[in-house]
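Please find the structures below.
You will see two complexes here that share subunit A, one where it goes with subunit B and one where it goes with subunit C.
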Partner chain A sequence: MGLGQLASRALLRSTRLAASKPHHLLLRRAVVSTPELHNSEAAAVEAQPEPDLPKRTPVAGARVHFPNPDDAIEVFVDGYPVKIPKGMTVLQACVIAGVDIPRFCYHDRLSIAGNCRMCLVEVEKSPKPVASCAMPALPGMKIKTDTPLAKKAREGVMEFLLMNHPLDCPICDQGGECDLQDQSMAFGSDRGRFTETKRSVVDKNLGPLVKTVMTRCIQCTRCVRFASEIAGVQDLGMLGRGSGEEIGTYVEKLMTSELSGNVIDICPVGALTSKPFAFKARNWELKGTESIDVTDAVGSNIRIDSRGPEVMRIVPRLNEDINEEWISDKTRFFYDGLKRQRLNDPMIRGADGRFKAVSWRDALAVVAEVIHQVRPQEIVGVAGKLSDAESMMALKDFLNKMGSNNIWCEGNGPSPNADLRSGYIMNTSISGLEKADVFLLVGTQPRVEAAMVNARIRKTVRATNAKVGYVGPSADFNYDHEHLGTGPETLTELAEGRHPFCSALSNAKNPAIIIGAGIFGRKDKDAIFSVVEAIAKNVNAVRPDWNGLNVLLLNAAQAAALDLGLVPESDKSIESAKFIYLMGADDENVDKLPDDAFVVYQGHHGDRGVYRANVILPASAFTEKEGTYANTEGCAQTTVPAVPTVGDARDDWKIIRALSEVAGVPLPYNTLSGIRSRIGIVAPNLLHVDEREPAAFSSAFLRPEVKDKPDKTPFERAVDNFYMTDSITRASKIMAQCSALLSKK
Partner chain B sequence: MASSLKYVRVPPNSASLAEARQRVFEFFKTACRSIPSIMEIYTLHDVVAPSQLRSTIASEIRKNAHVTNTKVIDMLLFKGTEELSNIVEHAKQRHHIIGQYVVGRQGLDVGTKDQGVSDFLKNFYKGNYF
Partner chain C sequence: MLARASQRLLQIRQAFRQLPQASRSFSTALNYHIDSPDNNPDLPWEFTDANKEKVKEIISHYPSNYKQSAVIPLLDLAQQQHGGWLPVSAMDHVAKIIEVAPIRVYEVATFYSMFNRTKVGKYHLLVCGTTPCMIRGSREIEDALLKHLGVKRNEVTKDGLFSVGEMECMGCCVNAPMITVADYSSGSEGYTYNYYEDVTPKRVVEIVEALRRGEKPPRGTQNPKRINSGPEGGNTTLLGEPKAPPCRDLDAC
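So, the complex of A and B:
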């Protein structure tokens, strides 16, 4: 007899008992079993009109791009039909259907390896589970990810992976953000059966940045594929076979690539970790702040992980348009420079030449007094490489109120052309470089100037076999290129059609010409620009749908400075200056400054600028303030404060506003929104955060003719040492180690 | 010991602004009358003069002079009475009194340096976050 009948008998007995105590009846629930309920087929028939399944969205809000909408195929993932573009793999189909399949070796941006076997799913009519990362999805495929077979496969793979994996979790830096930990909790079995001894592997020395504990390696080969595909260096490889496999460099070689830090993010286990960050913190103690990197002009999106007042590490954020998922080594590891050589008190240089710490009141009073004693044309202001748009706006307004218009940003040269925006930004946006098929690099070494732009060029070269021609001093490139020449004569030859590379340029559908910002410092800058514009006209690089004439800037502050109009009146202003205001400007050449000039240095590091300074005003670094920066393609982004300011430092624009008030010419705004509305009048594109505003007019056709011929001097390197380019990186110990060990000499 | 203040009484509601004002003056008088015993308890004889303490109390009260809501005034009076009774019944210690009411009070009411400056500049001198 069925259980239902047993239950009904028990109920009959209990109701007889309950009848004697009627007040307990309310506590009993009637469990009634009827013959219909025993009949399961009838139940299935009844349940046929199912309620609608909840709509499934792709994992992590991903968007699906259908390159050819007619070519969409339909597959079924766990019974749910989903439309995918043709050519997608089973794993990608499951991602679109909202199912996250565990994986170790698969990465969206790397080639498919299929060696971890964690992504096994069951496909109908297939004798064994398939590796979903490698199997292309065919129309009408029925994919099942939660069947006992798939689960058993995952448990088995996890067991194998954990067999030789050391019990390092308490001492491993990846604990808390380890793929192996997370996936073994979610998909692994609860017990292991391994009783033999585990194998161990020798650690490899990859440099001062990447710490290797190769025993923890699960041989997923993500690092090998990253190094060979994206970084372009064939340093890493897999040696040996079977359980004796080791990842290493085979020769005693350090990873000198500027993208080598990204293998730390890519490695799913703690085999490759960050050496400066080793044993410093666990990831759950850290507060992540989404911000922007300012060490170069790319504006890579980063997340600053801080614990209290200290920045512990810097990790990339996803931004498809600018830096994808990678950041350069300089961006990743310069953060320890934020703790050294910090200025935290206003200081005035006494009569004996030594600095004395004073209060803000006294410092501002002294500066205000001196600024009133000089004539307006002797006042000069220089904005630094790391200045944000708000502080540059405040400085320009203040100096203009004092009667001077000699203010510029370092790196822009003595007479920048700020009239047309297309003359100083990357007009094909960084993501647009992927569509180019021929590159002409003029006086720029993107590998050291803007590593993410270089990565994008390499991606294009690798994907479409684009040709790259380079004019400049001999430099290191991680893709095939032709070294066309070293100086402006090559450009003249290209413009006149005499050079063999001209044919490649003219046959190109989307030529991209990238001029380096190192040219801004040359005297024949206008002549060189006119020659390059002639080349662009000849090859039809500037059209309504494609503007291939780009300028690659060097500093984070240059684009915003030129947008705001920080153009000096005269380029000889330094020689006759009596009062110079350096706002974080450490690389400006102040040798020509007269000896009796009064120098005010406002910045966050005691770098080169303070040696000549008379008054030091401590400001906050970019990790401590909310500032707007425009990157080399003209996209405005803001940094967010991650840690509090050091000592008695203040925000840059606040110092200038306070100084203006003490000097008797108060600026009309005193809040951040006030400054931002002022910026909105001058350069409204800087207020459209995270949006790239393309230039309206192209400079190729609108600039006046330049009669001069370019100089014969060959182009120079703009960046000597990739690892030490500004005040923060020069103060960093890790950068010093890198430049000693890893510079490509 | 609950409260050693002789004249203290803080009924909850002042009927009008005038009554609240009256209460404030009574509180001030109570506080000034307890100054000798405070100086005795915490041995502040060589540190500060009673007139200085009176100025301090007066400036603290004056900081809230702009308040017009009677309920808020009552609440502030309650807090002030609480603080005063804490001090009088020796619940605080000498360094508390010195740090909170003695140090840094030079030029208290005579703000000649800061008279003509704006709020922005005043806040700027104090700190970065305002």
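So, the complex of A and C:
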């Protein structure tokens, strides 16, 4: 190509850019402005903004938080003045000013790498374009994001990035949600000058969850930083140099993190994609439903992407208070369990021991007949791990009407204490854990019990060097911790001030004590609680401004069940039961049941519960119904139906409502709003959806005194296999692969 | 429009014809590890007792909370001890000493081309391939070496004595072309890293043969008419004592 031709082409492009500029600005100006949202102070100081510059809104509703109002500085982005706190980068200033800077390597929650160079902007009096993600904003800086220089810089960077990037968008799973694709459309050139062959890189085996096509990698190092900073596994690294540079583990190694799936989301290109989702669907074919996760007690916010009747994938949704923007691998990949081992039809076990599909009418009639033949105190109801508040309310009301009060939720133990809400929720709140400076983990392994809470603790430990003391069996941690002991006698030592860790606890400003819900099953639970409360009192962990006494629950249903008062009358009720109603309860020990007991299993999966069942009533899973769940910090959230239910299954509460009708004791509600107003009488906090309601009184001051001492038995692990904890995850093939390959033995 | 497109196509075709894309040669080896009997993470690896003292000395140069700064000197020491290359177990051992994850050491070892992650000869010959040396005939030097030893680049001779690699500029352009001989024949104690400058295809073969006989050929320029990097046949300028610098009379100020 001749020089003249090149010059004419460059000229052509620059004129085209100039021509398109006013149009571009016009579009941006159409954005509705709410100045008080982003810089109220600036608006107040400058009562008269420049008349020819209409206001812009921050990108994605970003808010500015001024830790110290004196530290505010003013910079100008494309002529717009913005007030930002000292220490912010140029890129953050642009975001506040409403200009979205293209970027690949920069990520809000990771350290700054500054190696993709896509975020170049022009700064007045600076000789070269500036990488805005790594440049601190200085007072009076005049940043220009829309100049020919910035545009040319982006175009050049994009050309270099695309040089070695394969042209396989049509067969790439990231297609349609690819940062590189989007940004090359917006900022790239329509042609490149590279005619050599592209480099190719050997694909890595990162395990059953993450598929790698390393040729597509643009070396942004987001995954390396995520693995070492957030997930806490130092496995990934940047190997080699120059054009031979590649991401890898060097030695053959799987990524054994419970958060590894998040690298799929942060990868800006298609280098790391979901292995189970590979070649299944395009993202524009999917219907997104904003729901919550029920596989643990965290209640991570998720988006269920479905196509027709099938859940295709699950991705996280931003919620700063609960899961930030990450989810655990169990949450992300258990969805294939929703398609397997489902219960489609009501079934009755015949005389030959085989199940026979029957109609709803027949099944309910049989159950209603049997329930009237047993004495009320022989009726027992158990709610499963995944039960929503509505169905637990209906079950409790129904069994109460039948004269029984033997109803509980599995995981809460034989004699749960539901009197004081602060005695079973995470009082500090998940995001509040970031303010803690010393952690004491009692019989809990947060990494397997609640991966997102563990991520939060790790974040705190990394940011503030908070100390972590752990009492329990040997466990896997991804942050520095002290293993103080294995049993309750260590707690007694701590309470009496004889343990070396006491000084760390008592010197702490905000100590956080986290008790695992695994101890709910212990006989000496009350004694342990009183010892822990004594520790809390000694170290001043419960104050008006800080409540550091927490319980970390295991299951999604637990908090709501205790809120609703699902407490059994006697802890021996299962041995004398003649009629037991298992509402999705699979982990309850049914061996102790008398042989002539009649077992009704209502649930969505043919799991452990059905082996002993006499009647099966098919229910819908959490992706198919609307239900309220309270998470471990006491925040009520609702699921939303994303896909139609399978076969003849019905919502849990509807089945119980119908059964009550057949049994002749109709419940006084027919609609979801009816049942919710009933919940509102029992536990009003469950109706305040998406709002965390703190517990009013601390259990430390109201609990009756416990005289007996905790026994010497060491604490046990509450969760053996992180990947398989409930009926859905046990049915999942992907989870089975994960537990075979990734769980540490 | 059509004419331009066809013209562009022609250009592309021409570009491909001119550049035979046989193989792109990288000076570095593979960026991932393949287990082999003499290189796998299960092999034990330790510093020798003498080198353990050296390790202590090296680590003492750095603050105790920045032990990881010692990664390059330690890898270098490990490489000298292990006959010029770093097995993965040596890298793991270094990672253990400086208390970082092994991958952080792998990153460093793969980044620097002077760390060899595959076997090299006792005498590792490195030919400079950067422009000044290339203009002065480094290609011929390399060809002569490879032909004489009967190996390919980065391959070890059968007797395990020699291997030939390429390096980028080693700062000896004034005496180009040059080769470096990394001598791993006597462990980290007798380790030398000598430059042989102003070499010719004939001279490098002589050097190789001398090394094979166990001699130590004199390092530096191989041109007898030159002294270090001075001009051939003696100095032509700066013959007298240089004048003292003006206006540096410190007493006067």
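Just so it is clear, the second predicted complex is superposed on the first by the 693 of 745 C-alpha atoms of A that agree within 3 Å, B and C clash if a C-alpha of one lies under 4 Å from a C-alpha of the other, contacts with A are read in each partner's own complex, and residues count from 1 in each chain.
Keep this in mind: contacts are C-beta pairs under 8 Å (C-beta built on N, C-alpha and C of every residue); 3 or more make two chains touch, one makes a residue touch a chain.
As the structure is a computational prediction, the values presented were derived from the model and not from experiment.
Between subunit B and subunit C, it is C that contacts the larger number of residues in subunit A. Residue contacts after overlaying the shared chain place A:Thr197 against subunit C, while subunit B stays out of touching range. Contacts of A:Thr645 after superposition: subunit B is touched, whereas subunit C is not reached. In the superposition on chain A, contact of A:Arg241 is made with subunit C only, not with subunit B.
By the touch criterion stated above, A:Gly565 is placed in contact with neither subunit B nor subunit C. Subunit B meets subunit A in the complex at residues 113, 117-118, 120-121, 124-125, 128-129.
On subunit A, the positions that touch subunit C within their shared complex are 1, 195-197, 199, 202, 204, 228, 234-241, 243-246, 248-252.
Put simply, subunit A touches subunit B in their complex at residues 359-361, 620, 644-645, 649-651, 654, 657-658, 661-662, 666, 670.
Here subunit C touches subunit A in the complex through residues 8, 11-12, 15-16, 19, 21, 24, 26, 28, 31-33, 35, 41, 88, 100-104, 106-107, 110-113, going by the rule given at the top.
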